[in-house]
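Scrolling down, you'll hit the structures one after another.
First chain A sits with chain B, and in the next complex the same chain sits with chain C.
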Partner chain A sequence: MTIVQKRTPVRAAVKPPGSTPTMTGSSPRRARLPRTRRNLWPYALIAPAVVGTAFLLVYPLVRAFVISLQDYKLAELINGNAEFVGLENYRTLFSDGRFWEVVARTFLFMACNVVLIMILSTLVAMMITRLKKFGRTMVLSSLVLAWAMPVIAAATVFQWMFNSEFGVVNWMLTSFGFEQFDRFPWFAHGAAAFVILILLVVWQSVPFAAITLYSALTTVPVELHESARLDGAGAWRLFRSVTFPIIRPIFMLVVCLEVIWTFKAFVQIWVITQGGPGDATTLLPVYAVQRALSSQQYDLGAAASIVTVLILSGVLVLYFRQMFRQEVQQ
Partner chain B sequence: MRTRLIAGASALALAATLSACSSGNAEAGGTTTIDVWLMRDSVSEEFQAEFEKSFEAEHPDIDAKIQIQEWDGIGEKVVAALASNDPPDVIEIGNSQMSQYAASGGLLDVSDKVDDLGGEDWIAGLADPAVWDGKTYGVPYYAANRVVIYNTALFDAAGIDAESIDTRAKWIDATSTLNSGDVQGIYLPGQSWHALAGFIWDEGGAFATQDDGSWMGALDTPEAMAGMEFYSQLQALGHGPKDSDVASPPQTDIMAGGDVAQIISSPGAAGSVVAANPELEGKLGFFPIPGKTADKPGAVYVGGSELAIPAASDSSDAAYEFVKALTGEKWQRELASTMGYVPNKASLADAVADDPGAAAMTVGGTENGHSTPIAPGWAAVEAQNIIHDYMTAVLTGGDLAGEAQKASDEITRAMNQSD
Partner chain C sequence: MKTLSSVRRAPLSFAAIVTVLACLFPVYWMVTTAFKPTREIQSKVPQLLPSTWTFDHFVTAIGSDGFGLFWRNSILVTVSAVVLALVVALGAAFAVARMQWRGRRQFILMVFIAQMAPWESLIIPIYIITRDTNMLDRLPTLTLVYFMITLPFTIVVLRGFIATIPPELEEAAQVDGCSRTGAFRRVAFPLLAPGLMATSLFGFITAWNEFAYANFLIIKEQDNRTLPVWLSSFQNVFGTDWGATMAASTLFALPALAIFLLLQRHVTSGFAAGAVKG
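On to the complex of A and B.
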């Protein structure tokens, strides 16, 4: 659910696939095993993961899909006997103007976040390559610390920083002479709340992207830079024609992941604004939870979730294409 | 005694053999175990121990297991419990959340027991939300409502006699006088919507009204807007943040600072103030929220709880005995005097006469108590913070009529969504 927690497995994907030991490799030790046992071992080893995934991901997904095709409210949840209504819930959803506003807002939120995250993290990554050992250690440690901060803790800190009466932001702005920020209620203004949430998500996401891009940058051969510079390339030209093409596969992977993660941002929003004021920060996941848990419309909440899954699956296809292309290149 | 011992032993043996099955409804040798969910602060530990002992002495065949639940996230917990095959046998449910459960079919219909429980005397704010489609699904347990808690030292210093504040006009005057220098006349955060509710009812308005079975938001009526105007006037006599509610930061902590002359809260909050600043011990007083005229106290939202029995409970008779005991006169008097709550019947109001906080509360609660719209859709209005957002928008300079119109539309949408 949280952005940070899901990040760990990705490191493996970023690693060059060639370095991963494969089960099918022919080592002399493995060749000695009886044939059937050798074939079963991989399946036995992977079984717990498959069972876990099926139980925690596939089953809820299928269940949500079934609920999205039923008339499923509080009474049905308690008493059972939900009736199938075909695509009625999707029809209700798609004819709701509010739903489309939420979808558009979700895309806007995702786009703002991804653009900011990619620009900032690329700059940070390039900065790290120029730093000496001490500076590099400091920056990398700060990034890891920010990354390690629990999502809810960070969200709560942001909430307090922007508190109208007791917040440090208003105190700072007021003491710099911006009197109009005396007790300014940030979360009462839709646009301000939206921007603060973007700041928070960007702040939480930059470390992962920056560290990943930094590790990609270390693979750029120094000689290429030197020879390009000898040919008279400026900094921008150097980046565009030498650096970027080399880190492009990793860059695109990070973009895909950030799209997925920011599109389904939920915890930060739920902690800070719960989608308010009004609908100003209601994104698709928040909308689904509001429908299901506060309006007891589990059917419409499930339908909204399925729509989210479909949209993200599209991005996932791009991600896989990128990943396979990268493997081919290597 | 001997039979009870044997019963207990066999129940134990059964529990041991069936320990993998966590069902609390083991019936063995005539002993029925019932699981009861009570909410945090609904009973103190001593009260719980005393009640359990007495109840089990009177009903040797019932073993009541009381679990205290937290309010935070309780809605989802109750929904999950009602949807399960093995729910607790008695659940305490907040009265503003009662309606959706009554309508859901997950609770036992206790209509035929109302007379047995003396239901004609129940206070309306508790009894009404438990009724759905003419049938009763919950038994009023206790109520609590808001009063003004004031700092007697600050009142004395300003030369104000709290006893004399019996109208809104006098209240505003006194609060303006108190609100000078470092002292805040009143700490009223912008989103204390339960307080706003009272001001709106005083004017004859409402959050929502029912028309032909569907609910319409009513914040845009002249009466409801007048209530909001009074709220703005009062809120300005202190530094309550315009964009937060009473819980963040806890208003009791702010009052504990010693510079706040008044807060609006249930009397129990005085304990939290003193816990945060022991110097205020004995320096906190209470008076009912003043009404527009001296002959009637201000309208208040009657918060409180009901006890309900899930339809899927397999020990509903034993559960009913438990509910009957806890909501009966003896334990209601005990609960009112030890916990400082308003008892579930108007005739028991004298039980709290000695406690100044509870006495101030009983005046408002019994003479001018109201409840939020009794409809399954109301829970969605609360969950989506519609009134919170409206109040902050108005207090931070938004156009009253325009914001009221917008919020009313949102209430209409939210309340009719879950049909």
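On to the complex of A and C.
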């Protein structure tokens, strides 16, 4: 989230570490304090945050890993005494054809979403830079409204819009002459449900990406554009050789974030399809929860969660590398 | 020349209109459906605007079983989580922004990683831990989870806000005889208030919208459910009463929409990125 902050006034005033005069002891009052007491203060201040993270984040993560190494079913949930079985759960998971289908589907879902989100939001962002003040305000406000829509509310509205009998989408498609969409049951159709979920995720994600890219675009100097145009560069050439190289760091950060966010999409799917019809919309996080809380195979669910976390941490490392590279540049 | 530029701008205006429509239509459709009489909702040809505006669906939604209770639960859980996160984050952010200590970089890295925590993949262990500690079906459990979800973002943003306040202000107060805490409370804190407000509102939205944990940690005790779970089960209760469902969605989405529009300046400066997603 710090991506854009760096250019906002908030962060502009951040002093580089080392230049903060507070702890160098400029006031006589603090200079008299014993050294040890002064040095303990920061640790006391961060202690609650560290303890909270340890108990509420690190411990659950470790616990998930431990469970994934145990034989942990309903009986163990009730009685305790789970036995360690090594990597048995991972072996079961990896030899299950359904699991690989889910992984492939998750990557497909993620790829479709990220490509659509990045193309659409880049176009929208470039469009905003060319709009006059009124148009810009209108577009930004509507982006903000779409962004603000709670996931649950958005999921409910999409269900209503794609309702087979009275849904507005079927009515629109039929009146455009696509008769086959009369009473088309979107959520009973694997591929159709998959498409609706992609539409929903794209609709919810474009505002953030577009606004972020727009604020990156505002840093591109106008003179660069003018001189490139004088040299006879076309629109595409201008974008590829002038605009894109400048917004590239932010663009990559947004790509990383969207990959992470769409890869772990859960709530929309759970609310709309619960992974169905059949397995058509079962992605990794949904699969893990289904295994654990519906089939009581907590061990396999935990193993699937750990696989998800491992894949995500790979992307996260890329994200942090990009972020720190940018921090160094500034 | 003028005609040429307006002709050349036509595709641009068209694109802008399409963008606005695409963004607003679902929100618009939710609100108008909520105000339409049932016979217009269940008509073959949907109307863009209701011919007569009715509050019937809102009455049905509000009058449904436990609405007041779930609303209270949501507020309780959300506000306590946000306040807790604010208090804890304020200390941590102050230490990060104003003090030099060993492990500071590591702490910042931890906060950044925690901000990207895959909460969707922690449902299973947290369910099991909650069950083992007899905390299932209890609202404080949700408060703790939401506290942890909002904490990293709160620290990062508050650190930015604290850094904008010149330390010289507090030093001057200390020279005049204030204690260090006193200087922070009387000088820096009032300046921080707007930042605290914005941060807590974003934290509020995150917790207000959270569904997964509310759904899986509150199972048997139906009275302890929160609004998102109520909304997702609304259709099961009301069947095909889409008017009431949309009225419920509108009521649920309203605070989030209002807060976002209120804080639009912060939103468009990219500050909310980590708050409301992920």
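Going forward, the second predicted complex is superposed on the first by the 286 of 330 C-alpha atoms of A that agree within 3 Å, B and C clash if a C-alpha of one lies under 4 Å from a C-alpha of the other, contacts with A are read in each partner's own complex, and residues count from 1 in each chain.
Simple rule for what comes next: a residue touches a chain if its C-beta (ideal position, glycine included) is under 8 Å from a C-beta of that chain, and two chains touch if they have at least 3 such contacts.
Nothing here was measured: the structure is a model prediction, and the numbers come from that model.
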Task: First (chain B), second (chain C), both or neither touched by A:I269 - done: neither
Open item on the list: I'd like to know which partner A:A75 touches here: chain B for first, chain C for second, both or neither.
Closed with: first
Open item on the list: On the A-aligned overlay, A:N163 touches which partner chain: chain B = first, chain C = second, or both, or neither?
Closed with: both
Open item on the list: According to the stated criteria, A:L293 is in contact with first (chain B), second (chain C), both, or neither; which is it?
Closed with: both
Task: Per-residue contact with chain A, leading partner among chain C and chain B - done: C
- [ ] Could you say whether A:L57 touches chain B, chain C, both of them, or neither, answering first, second, both or neither?
- [x] second
- [ ] Based on the superposed arrangement, let me know which partner A:V102 touches: chain B (first), chain C (second), both, or neither?
- [x] neither
- [ ] Considering only the touch criterion stated at the top, classify A:P277 as touching first (chain B), second (chain C), both, or neither.
- [x] first
- [ ] Check whether A:F187 is in contact with chain B, with chain C, with both or with neither, and answer first, second, both or neither.
- [x] first
- [ ] Could you list which residues of chain A make contact with chain B in one structure and with chain C in the other?
- [x] 77, 163, 165-166, 293
Open item on the list: Quick check on the complex: what are the chain B residues that touch chain A?
Closed with: 75-76, 79, 82-83, 100, 103-106, 190, 239-244, 249, 376-377, 379-380, 383-385, 388-389, 392-393, 396, 406, 410, 414, 417-418
Task: Residue numbers on chain A that touch chain C, as the complex places them - done: 1-5, 8-11, 13-15, 17-18, 20-23, 26-27, 29-30, 39, 41-46, 48-50, 52-53, 56-57, 59-61, 63-64, 67, 77, 123-124, 127, 130-131, 135, 138-161, 163, 165-166, 168, 171, 203, 205, 207-208, 211-212, 215, 257, 260-261, 264-267, 270-271, 285, 288-289, 292-293, 298, 301-302, 305-306, 308-309, 312, 316, 319-320, 323
Task: Of all residues in chain A, those that touch chain B in their complex - done: 73-75, 77-79, 163-166, 183, 185-188, 274-278, 290-291, 293-297
- [ ] Report the residues of chain C in contact with chain A in the complex, numbered from low to high.
- [x] 12-13, 15-16, 19-20, 22-24, 26-27, 29-30, 33, 41-46, 87-89, 91-92, 94-101, 104, 107, 110-118, 120-129, 131, 144-145, 147-148, 151, 153, 155-156, 160-161, 163-164, 167-168, 170-171, 174-175, 180, 205, 208-209, 211-212, 215-216, 228, 231-232, 234-235, 242, 245-246, 249-250, 252-253, 256-257, 259-261, 264, 267-278
